[in-house]
Structure formats: structure tokens, C-alpha cells
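Per-chain numbering from 1; labels A, B, C and D assigned in written order.
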Amino acid sequence: MSTPSAATTSRWRTLTHHHLFWPVAVLVALLLVNVPFTPDFFSIKMTDGHLYGSLVSIVLFGSPLILVAVGMTLVIATGGIDLSVGAVVAITGALTCSYISDQADQNALSGVFLAMGIGLVAAVVCGLWNGFLVARMGIQPIIATLIIMVAGRGVAQLITDGQIITINSEPYKLIGGGYWLTLPFSIFVVAVVVAVTVALTRRTALGLLVESVGGNAEASRLVGIRSRRIKIMVYVFCALCAGIAGLMISSNTSAADGNNAGLWIELDAILAVVIGGTSLLGGRFSIGGTVIGALVIQTLTTTIYTIGVPTQTNLVFKAAVVIVVCLLQSPKFRAKVFGAKFGPKSGAASGGSAATEPAKTVTTAEAAPKMEVS
Amino acid sequence: AKEDGGGTGGSSGGGGDKKITLGFSQVGSESGWRSANTDSIKSAAKEAGYNLKFSDAQQKQENQISAIRSYIAQKVDVIAFSPVVVTGWDAVLKEAKAAKIPVILTDRSVETKDESLFVTLVGSDFTDEGRRAAKILEKVLEKAGHKGKVKIAQLEGTTGAAPAIERAKGFKEVMDAEHKDDWKIVVSQTGDFTRAGGKQVMAAFLQSNPDIDVLFAHNDDMGIGAIQAIEAAGKKPGKDILIVTVDGVKDGFIAMSEGKINAIVECNPLLGPQLMEVVQTVKDGGTVDRWIKTKESDFMQDQAKDALPTRKY
Amino acid sequence: MSATTQTPTAPDSRTTPPSKLATLLGDRRLPVLVTATLFLAMYIAGLSRYQNYGFGEPQVFLNLFIDNGYLLVAAVGATFVILSGGIDLSVGSVIGFTTMFTAWLVERQGMPLPLAVLLALGVGAFGGFLMGYVIHNFEIQPFIVTLAGLFLFRGLCLVISKESISIGDSSVSSLAQTRVSLGLGELSIGAIAALVVIAVAFYVLHYTRFGRRVYAIGGNEQSAMLMGLPQGRTKIAVYTVSGFCSALAGLLFMLYIQSGDPLHAVGMELDAIAATVIGGTLLTGGSGYVIGTLFGVLVLGLIKSLIQFEGTLSSWWTKIATGVLLCAFILIQRAMTARKKT
Amino acid sequence: MAEPRPVLEMTGIVKEFPGVRALSGVDFRLFPGEIHALMGENGAGKSTLIKVLTGVYSLDGGTITLDGKSVRFASPLQAQQAGINTVYQEVNLCPNLSVAENIFIGREPTRFGRIQWKRMRKEAAELVDRLGLDIDVSAPLSAYPLAVQQLVAIVRSVSTGDGEGQGTKVLVLDEPTSSLDRDEVLELFRLMRRLKDDGVAILFVSHFLDQIYEICDRMTVLRNGTLVGEHMVSDLDQVGLIELMIGKELGKLEELHEHQLRADVGETLLHAEGLGRTGGIAPFDLEIKKGEVVGLAGLLGSGRTELARLLFGADQPDSGKVTVDGKQVPMNAPNDAIGAGVAFCSENRKAEGLVPDLTVRENIILALQAARGWTRPIPAAQRDELVAKYIKALDIRPANPEARVGQLSGGNQQKVLLARWLITQPRLLILDEPTRGIDIGAKAEIQKLVVSLSEDGMSVLYIAAELEEVLRLSHTIGVLRDRKLVARLTNGPEITTSKILETIASGEHQ
């Protein structure tokens, strides 16, 4: 079967079966939805020496979510979950801003760096605590991280005394709200963090070990993986990412809001991870998928604002999109609705091997249930 | 029982002495405004020498109800609370009434058929704030010399929260009655009462409706966030887009004094002293008005510099 | 230490011989006992500290049930789902929706209360059914499906009305104010209903085939399927039960506050999940008892109540204290169960 | 002669997985009252055929007829309701439930909808007893070793119980004997014969040819997903069968039998003194020399696995110490043992061995990588070369390092597990039933491998359910009984299986 049409269909199939195909497709669709409402949605112009446009603001406002979601991906890959990221965002922002606001010269670089250092150290401490509870004490992740989720926001408010701390520091403003080389500076931060994460997980063996711990904890113990250490590491990393996101969020508005900064960001982050194709049960993960997932969520938020959804239906709209995204990603759903063409991968396999009689493969309507080991 | 005063409530020794014990259930600590409100009440109680039982409901009505129940169990002298929502208080207030503990509302009222369930309300009126915002917008437009149609963007508070609903309602009331033809709210979206929300939503507004004339924000924080978004879009807040906000926190006044906000409708959180007066009167058996309004005013840009030093929160 | 492995039931316990004591106490019954003991200890600590403020009155204890009845019912639903190895995040939203929906039906549409109640229960159960259907048939992770449910039901609340609706119906207020005397104190209808739900749930989980199937698919879904258990049907049923319980909790909540409000019960799913887990149920499924959940709810209620009696905490200290108490509780619980195991 | 009508007939069965055609046009028939063996190498498609039959996998082509009616089951439940009871290859029970529940779940005795726990326990105890098992049925299943779990699965499948089940017509047993001892196997066979006399048709899969010849009447042979032939067992001898299975002439089995164990072994490598764990195994002393193969013999539940786990630090001993090369090794976690050069290949590949979502390559390099730490990944070229080498050496099929391990056939999974540890080149390799579920050819390959490893100086602790296997390979044989190491025999011409059995029975060295 080497007719040109067969070749294109098979290429199309390979494409549709790439694990990022559906998330990207949804992202593109969501972006396109905006066009009728905002005709120059894709246009980017120069304003005040930096680029300005919807796409730029999606990336700008989406940066913290991407960061948190990237950290969350690793935690989820080990079979855990981190509910405390929102609180860590708040604590980091609060500490950093309150330190900066105490400075005589808020623009002094050394002071800003020190402040950021303090904030990030606090984040790391939170991560260590979570890791300690999960890995050392063996407490279930949801509950272990719930503690900081509840108490952390209180700590943040304690630091800010319940007020919003406003600061006026140009260097600090750069991280989350400033521009560099005409682009939002946060893009660079995100790029660096994502690159470091990918390098850390795929250039070293960390990714494999994380996936192994998440895939089968007991087997991992028996091959001698120090899963405790790995778990502590991912919780620290996740908290660090949340900390950087906290810096960004507070820098974006030049203010630390102990109560509202990063409120419910954990849910969006988890959502992003799942849309990106990582299973909440642990095991295989995809950083690229997570980044796309976070962009999908941010685009969704922006879309809600731009297309004029009435406030009271915001959530219904969001629910609808989430359901559609998840259904599209479900091989079973695709098989049931679109038939075998978009269905589970078995379709692709049969198309590829010339020996099969196509008539018989069409009946593969149902995906084979995912077998464990057998 | 040992009681450490914690620097706020002052020390107390249970029910023995004659000090008035006031149980106060706060909504939460969701904003700077609310924290200022809490501080005001705590310090006023201390000054008045009351024994304050304070609890924070974390924005949950069920927490407030159980807090009030626990005040009843603790046999406090007076109960005061800022209701999270206006409905659903009858049962617990009846219990308080049965225990003969007078109840004072602060900040906002409750819906009830039985008026005897609470003594008085100390606080402002969100709907009125909306009306006042619309009124002051007239002045702002006049001052800016704006003629003709007015395209308004509205930044709402948390969807479903009373201040958001009522401020929008009051604003619309005046708009529909007096400016039906020339004013129009072209976009309206929630910014969750936060700066980050205000900034993000405004950025999106500016994309979809670049020709907005006026921004009405349900609180200062969203307004401040929006200002940043407007500046990022290369426009001048206060000039290209006229801004009216509600609350009057310090940062709002700073922005106003910089010319970025055109007018602020004050919503005063410092009702502690007023509340303590009422508590004393009620305890002494005196009569009070059903509604004691807080002292509030509206500020235009030119008053900002003078008012700024008086802002404590 | 085996503590780090996810399911202490499966791999490592193969080596412990089933001694008499172990079977009697049962590794899996121990957490419940510990939770109950710790709850008592906490209560006694509160008693000694706040005695002069009336903490010792039996009514304060009974208030725990009155003030947390709805949470108890919601947590029972969550327990079913968690036992089956799933999770339900829509609990809080369904509760909020139920209050709003019933209030709207009764107040705005003039529907008779009993009918509205039935309708609300039906909608809640149907919502759960739908989520279960999607989870099972399209193999989408429960966390996400129920998260969508969370958004959807909260959104529907707001679509019904942004403002709260108070319920003037006289039968509601009389029901809400009815108190059943127990001699030492009194319980509300809501609290009694919650206790009945617990009893029913216990019976269902331990004495019906459905209940055992819930445990089986929580233990290993794949195996349950191969053993010929109707695992799909069971899963859908579990989410339906949870939806129903949430709706029932919503009705109790409505009774508690006599109104519908679109922002009611935000985040209550976390309370329900926390209560379940504190009660000794494993989030990985297959292990736990509904009685544990009862104590889990009581512990959360007691923490709240202790903080209210303390009465000097500022807003943020309230949060911190809640977190610290929760943490202390979990750590002690963990230490006690771990020591018994080795 | 007029054949009776088959109770089950499958024709033209096709099943495809991505990239693999597991079954292409297989025909299979099963008659009432016969025991029918399904034979084939690892990955031939035996388990897949069974899963297609019982509705675990959907059918891509072909028809199934049960009792003359065309059927197609959507789930094992439906198959069960139609009278097909199955024991799948891996133990598929719920570890969190009690033994009694695992036997009865789905058809518990009820009265007015209320489960009768007492009655259930009593009946379960009787059933378990009939198989010669003496266990507490109210204990959770996870408290028992794999072999017991396997027996429980069998008990479940043969007890029709009351309720929905209409009585078994077909019993499917996919490698039920893979970790059973001789006694249990005999017990099982007795049971199978009884069922056969009742007219039940039994489909039996096993890689033990002796067992096939002992119990089966007829066999169907698969190779690479295709049908090679259906024969009466009496018409085909072992050699002929193996040739059918592997598709070529055979020589390697004989090779092994002639193989001579190297006589001399090196000095002491590992010495365990008074190592024990309460509730696990009584304190024991064990010495393993360099290049020595130590076999462990004992009955089911005698504590062989327990002993191995202690040596590896998978469980913490509460007494005794282990020295390697005269240096004491801390025994807190597997890491410590691995650091000292000990490797442990678990018998329970599903729960303790493989990470099903990872690829063959990743599973193979996992142990080596863990030993190197996360900061030092194995260079890609070296990694691929190593993996390719072991895939070839162990003949893992499909020979695709990118395949997900969860999708491999049972025997191939076992080989992956073996490769994982071989690649680390340990000094002491503990193999707990390494040939479980491995076909006859590959089994010989693996045994040859063990011999050659020992010749290269690697020490091996070898556990196998088959005594012959232990006997054939070991220099020394440790005999366990009632979770106690009771004897240590030096292999030689005078040591036979009956001698070992005798030792087990008497519990002391003679």
C-alpha cells in the first residue's frame, strides 16, 4: 500500500498519535475561537519598546502557572500530589516583598537578590517539609501537603500582617512584569526553568528513576532506587518552582497579597499536568505536555475575558472546555465517536503493516483494556 | 484556665469580673480592607477594656454559625458579626435570642422576617456605594470634558459575593435611570477583588475593546492592577481611561494622587470605635438606631493629596 | 521502613504471618482505633483548657454533630469513592448547587418542598452517575472528571442566581429548629440524619455484595475485572452514591443555614477527603472504614471548635493553628500506627 | 468414530496489538470431559487466546461458539456467567481482601441481601482444605506467598458457589502450576480429574511437559500466533512436541543434561550468621562461596523466598549479620546489599519486579542505573548495546527495546527481569524461581546461563519449585522446612530428589 494517499494518511495517523497532538490541537482551537471576537488577536505590535498583544499577555500571565505545573509534573510522576503550591506562592511573595519594602533603597540590586533568596529559601523549606512528611513519615501526599496548604496562607498573612504590601522596586518588577529584549522577562525565566527541568530529567537518569518510583514503588525499592531521596527532591523542586512563580506573581503587580496570591493555582496546575498527558497515578510524565496544558488553561482564561462570557457562566464554560479536552484525549472516546481512524493505536499499526486485511481491523472499535503486567 | 492575652484581647479571667465579653465573628481576612477592619475592632475593644472573643470564619458561613453557637455556649455578653452572606441566619440568631444575648451586625445586614433577632447594624451599604460611584463618575466625566457616549468597563468583585453584586446593582440603577442613552457597560468581568485579577482581566479587555473610556472597579486593588495593564498597553490611566474605584485603601489614594485614579468612593473599615459605643449602649440597656451608618465620603482627584496622610491602612 | 511504599497492604505484608493478634486488630482497623483514641485525647485536652468557658457541657460535644452533620454525610460519600480507589472533587460544588437549586425551586418556582428535595437528590445522584459514566467508559482520570464537575456545579449555582436566596418555607425553619433531646443535650435533625447515613453506609459496605465490590476494585481494579466482578457498574454506582450523599449533605446544609448561596461550601471536598483520610482510609483504595470517617469529621470539627474557644487568634493564626493541629494529629497517628506494625 | 460436539469452538481467531499480530487465524476446540493443553513458546499467544475467549480483549476477527451458540463476551463477567471459569496467568486477586472473600466475592452467600460472613468463612475453609492447604481464610490474601495465592485463585475458579454461576462448563487454567510444588500439583491434578469426570472441559497451559503428559488428553500447539496443530497427547512424544513448538530440530536440552558442574569453587563470598526475623524465618547460618551455586529446596511456604529476601535486605532481619568478603554489610535496605554486589530477582514479577509502563530498555537498565545514581546516566550508546545484547542472549520477544514491558507475554517479562540483574554483573545473584512461566527452550537456556555464570566466578542462590532443577544446577543444596534452614547437602551422585524429599520430611541431615 504505497499509494500517495495511503502515505499521507499514515503520516496523519502518526501525527494524531503523537502524545502532544490533542493538547496542541485544543490550544490552537481555543486561540482561533478568539479571532471573531478580537480580530487582531494574533497581531503583535511594539508599544513602549516592547512587544504587546494577546499572545504576549497569554505567555506573560501564564508563566507562573507553567512554572507551578512543571514542578507539579514531577511530583505527580512519583505518584504524589502537592496541594501546597498555592500557599508556597503566597509565602514566597510575602517574604520577598516585605523584605524589599523594608529596604531604604528598594531599587538596590543586592537587596532585591537577597530578598528573592530569602523567599526561595522559604519555598525550599516548605518543599523539604512536604518531602519529609511524604517520604520519611509515609503520610499520604494529599494530606501531607494539605497541612501547608492550610497553614501556609496563614503564615503569608502573618508576614504581611494581613495587608497587601506594595513595593516600588524596578529590578524586582522585571521578573514578572518587565520586558527584556522586547519580550516579557518571565518568558526567559520559564524557558530556563523548563530547560533545566528537561535537562535534569532527561539528560540525567532522574526522569527514569522518577518514573520508576511512580510506576511501581515496591519494585523500585527492590532495585535499590533511593526513592525517599527522589521523592524529597521532587517536592523540593516543586516548591522551588512554586516559589519562583510566587516571585513572578508578586512582581507582576508589585505587591504581595497573602490571601489571594496563587489561590487555587494547585487545581489549575494539576489540570495542566493532566491535559499534558501525565497520569495522576504516577509513572510516565511529559514536561512538554505540561507546558502546553498550562498554556491551554491560560488561553481559556483569556478567552473567557475577551469573548465576553457573562461572569456567572465563567465556570460552566470552563467546565465545558475541560470536559471536551479530556474527552478528546481519551482514546476510547475517540474510538467510539470518530471510529477507528482516530481510535486507539491498534488502528495505526494495522494501517502500517501491509499484510493485514483492512476489513478485519475496522472492528477494533474498543480499545484493549490497559493491562498491567500479564 | 490559663489565658494568654496575645497582645490583642487583653487578659481576662473567665466570667468572674464585670468586664463586658464581646464575641465577634469576622468574615475572614480576604483583603487588606478586611484586615484593617479586624484591626480596628480589636484595638477599639482593647481601648474600651472589653474582653474580645474573636474568631475568623475563613469566608464560610458554617464557621460563623458554629462560632456564634460557641459564643452562646461560652455565655458572652454581646455577639457581633459581619455576615458572610445575607441569608440563613434565623436559626442561630433565635438561639442567641433565647439565650438573651443581644446581636449586633457589622458591615452588612441579614435578610430576616423577624426583626427582633438583631439589635442594630453598624456599617455601610454596598448598593449605595455603587450609586455613589455612578454619581461621582458624572463629575469625573464633566471634569475631564468628556462628551457623548461613554464606554464603560467594569471589574467586578468575586462572582456571587455581596459587595460585587450590590455595587454593580447600585451603579446600574443610576446608570439606567439617568444615563440610559449615553453610558454603556461594554465589558464586565470578575477580577476576584485582587490586583492580579484586575491586571489580567484589564489586559484582555484592552485587546478586545481598545476604545474603553471609563473603568469602574469594585475595589481599589483591582483598579490598581488594571492601571498596570493600561500602562503596559501604552495608555495613560486617569487620562485615556478614566477610573473610578471603591474602598479607599492607602494604595488607592497614592494612585489617585499620582493622577491614575480619578475618583474613589470610600468604604470605611474603621468601624471599631463605633461598634464599641453601640456595644456599651446595648449592654447598658439603651436604645440604638436600627442602622448606624459609618462615616464615609467620596474623593475626587484634587482631594487625594490632602486625604492621603489620613489613610491608615 | 516500609512506610514509604504506597500500599502497605500489598507487597511488604506478605512477610508478616497472620498471627492471631494481627488479625484481631487488623492492620487496617488500627488507624481507626488510633484516630478515635486521639480524638478523645484532644477532647480531654480541650476540656482541661476551656472548662471555665463551658467546654465541658455535653451540648458542646453534641454541637460537633450538629455543626458537622452535613460534612459527615459528604465524607461518607467521599469514603465510598476513595475506597474504590477514586476521588471526588465535586462534593463541595454539589452541596452548594443543591442548596441553591432547592432554594430556587421552593422560593422562585413555588415548588412544594418534598418535591424539590426529591428533585435535588435526583440531580445530585445523576450528576455523580454522569461523572462515573465518563470515568468508566472513556477511561478518564477521576480527578479531572470530578474537577470538571466541580467547575460545572459551581457554575450552575451562579447561573441560577448570583445572589443568595433565603428560604422562607415554614416547614424548613421548623425542621431546622427541631431538636431531639438526648437527656444530656439535644441533636438536630441534620445530625441524626448524618448518624443514620453512617449506619447505613457501614451496613452497605460490610454486609452487601456491592460494598465488598467497592473494596475489591479499590484493592486492584484490573484483578476485580478479571475475577468477573462488574467493575464498571460498581464504579459508576460509587460515584452515584457520592453524588447522592453530596446532594443529601447539601440538603442538610440548607437546613443548617436555611438558604441557598452560590458560594456555599467552597472547598468542602477537601474537608471531606481530609476527614476520610484522617479516619484511616487509604487514598490508594481498598482499605478503610466508614467509622473512621466519622472520627475524622469529629476531629476536624473539634479543631475548629477548639480554635473558637481559644478566641484570641487573629485570622491568620486561625489558619496556622488549624494546620499545626492537623499536622500534630497526623504525625501522632502515623507514629502510633507505625509502631504497632513493626 | 463420531466425535462428540465440542463445548467450545473458536475459529479463525485474530487479535492484533500495535505492531504485533498476537493471533492470526487460530482455530481451537474443546470437548466436554477432556483436559486440553495449549502449548507454545513464550509469546506464542496462549494467554492472548484465553483473554480473547473470556472477553478481556476484544476480538479482531473470528468466531467463538459455546454449546453450539455463537458468543462474544464483553467482559470476564459475561464469560463467567456463561460458565467459563478462568485462572489467568498472573495471580489476579484482591490482596486487600481476605482469602475467603477472594474465593467468594461476587457470589457471597447472602440471606435477604445480607452477606453471611460465618457461612462464607466456613465454606472457604472447607474448599481450601480440600486442596490440602492449611491457612486462615480470614487473613488478608496479601499475607500469603505467591504460591498460596495461586492456589486460592484456583480454588475460586473451581468452586462454582451458589448464586449467579450456572455451573462450570469450561475451566481455563493459564500456567496455574508455575510456582507450585509437586504435592500441590498432584492435589490440583486430582481435582482436575474429578472435574473432568463431571464433564467439565479444561484448558490447561503449562511449560512443564511432564505435567502435560501426565494429565492431558489432547493438545493444541501455537507458534507465533498461528496454529501448528492439534494432537492427541498419546500420539506425540516430547521431542516431537518441542519441535512443533519451536519449529526446528532440537538438541539443546540434551546438552544440558550432559553438562558437568564445575567441581571446585572459590573461597567464601558471603557469610550470614544467625540471620533471622521473627514471624519470617528462624535464625540461620549460610555460607556462599565464590562461583558456587547454592540451591534451596523446600515445600511451599517453607521459607525459601523469606530467606532470600533477608539476605537481600528486602525485609529487615531482627537478628544476625551478613558479611561479604569478611566485611559486615548493613542490612537496612536493598541498597546496602546491592552495594555489596548482591542482586535479587523476585519471584513476583508483577508486584515486585517490573514497572509495567516503562519500556523493555528502561526496565533492563533500571538496576544498573539505580546503582550508578541519578547523576550518572549510562551513555546512550553503551546502554543500547547492553540492552541489545541481553535481548538477544535471552531471546526476548518482541526484540524491541521500546516496547512497553506490560505488553510482553509472561515469559518474556520474566526474561526482562533476569536481564535487569544480569546486566549489573553482581557477585551474588539470588534467583527466586527465575524460570517461572518460561518455556522449555528458554528454561534450558537460562540454566545453561547459570552454569556459565558460576564458571565465571559469580555465586548464585537458586530457588526453584522443581527439585530436579535445583539438583541439576547446585553445588550445595540448602533444605528448608517450616521456615527453618534444616540441612545443607553437598551435591553429588548420591543426592537424588528422593533423598532431598526425605531430608525435608525428616527435617535433619543424615
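Keep this in mind: a residue touches a chain if its C-beta (ideal position, glycine included) is under 8 Å from a C-beta of that chain, and two chains touch if they have at least 3 such contacts.
Fair warning: this is a prediction, and the values are worked out from it, not measured in the lab.
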Maximum centroid distance from chain A, chain identifier (CA atoms): D
Rounded Å distance between chain B and chain C, as computed from the means of their C-alpha atoms: 34
Computed distance of Cα centres, chain D from chain C, in Å: 42
Centroid distance [mean C-alpha coordinates] between chain D and chain B, Å: 71
Between chain C and chain A, distance of the C-alpha-averaged centres to the nearest whole Å: 29
Numbers and ranges of chain B residues touching at least 2 other chains: 28-29, 34-35, 38, 159-160
Set of chain D residues in contact with two or more other chains: 56, 88, 92, 351-352
Two or more partner chains touched - positions in chain A: 157, 162, 218, 221, 311-312, 314, 369-372
Complete list of chain pairs which touch one another: A-B, A-C, A-D, B-C, C-D
Residue numbers on chain A that touch chain C, as the complex places them: 79, 83, 133, 135-140, 142-144, 146-148, 150-158, 162, 217-218, 221, 227-228, 231, 258, 267, 270-271, 274, 279-281, 311-320, 322-323, 326-327, 329-333, 336, 367, 369-372
Touch list for chain D against partner chain A, complex: 14, 16-21, 47, 56-61, 88-90, 92, 312, 314, 333-335, 338-339, 344, 346, 349-358, 362, 365-367, 369-378, 405-407, 410, 413, 420
Residue numbers on chain A that touch chain D, as the complex places them: 203-206, 208-209, 211-212, 215-216, 218-226, 230, 283-284, 345-346, 348-350, 352-353, 355-356, 360-361, 363-366, 368-374
Chain D residues within the chain C interface of the complex: 56, 75-77, 79-81, 86, 88, 92-97, 101-102, 105-106, 108, 110, 113-115, 136, 138-140, 142-145, 156, 277, 279-280, 306, 309, 315, 348, 351-352
Contacting residues of chain B [partner chain A, same complex]: 28-32, 34-36, 38-39, 156, 159-160, 187-190, 192-197, 199-201, 203-205, 207-208, 221, 224-225, 228, 232-234, 249, 251, 254, 313
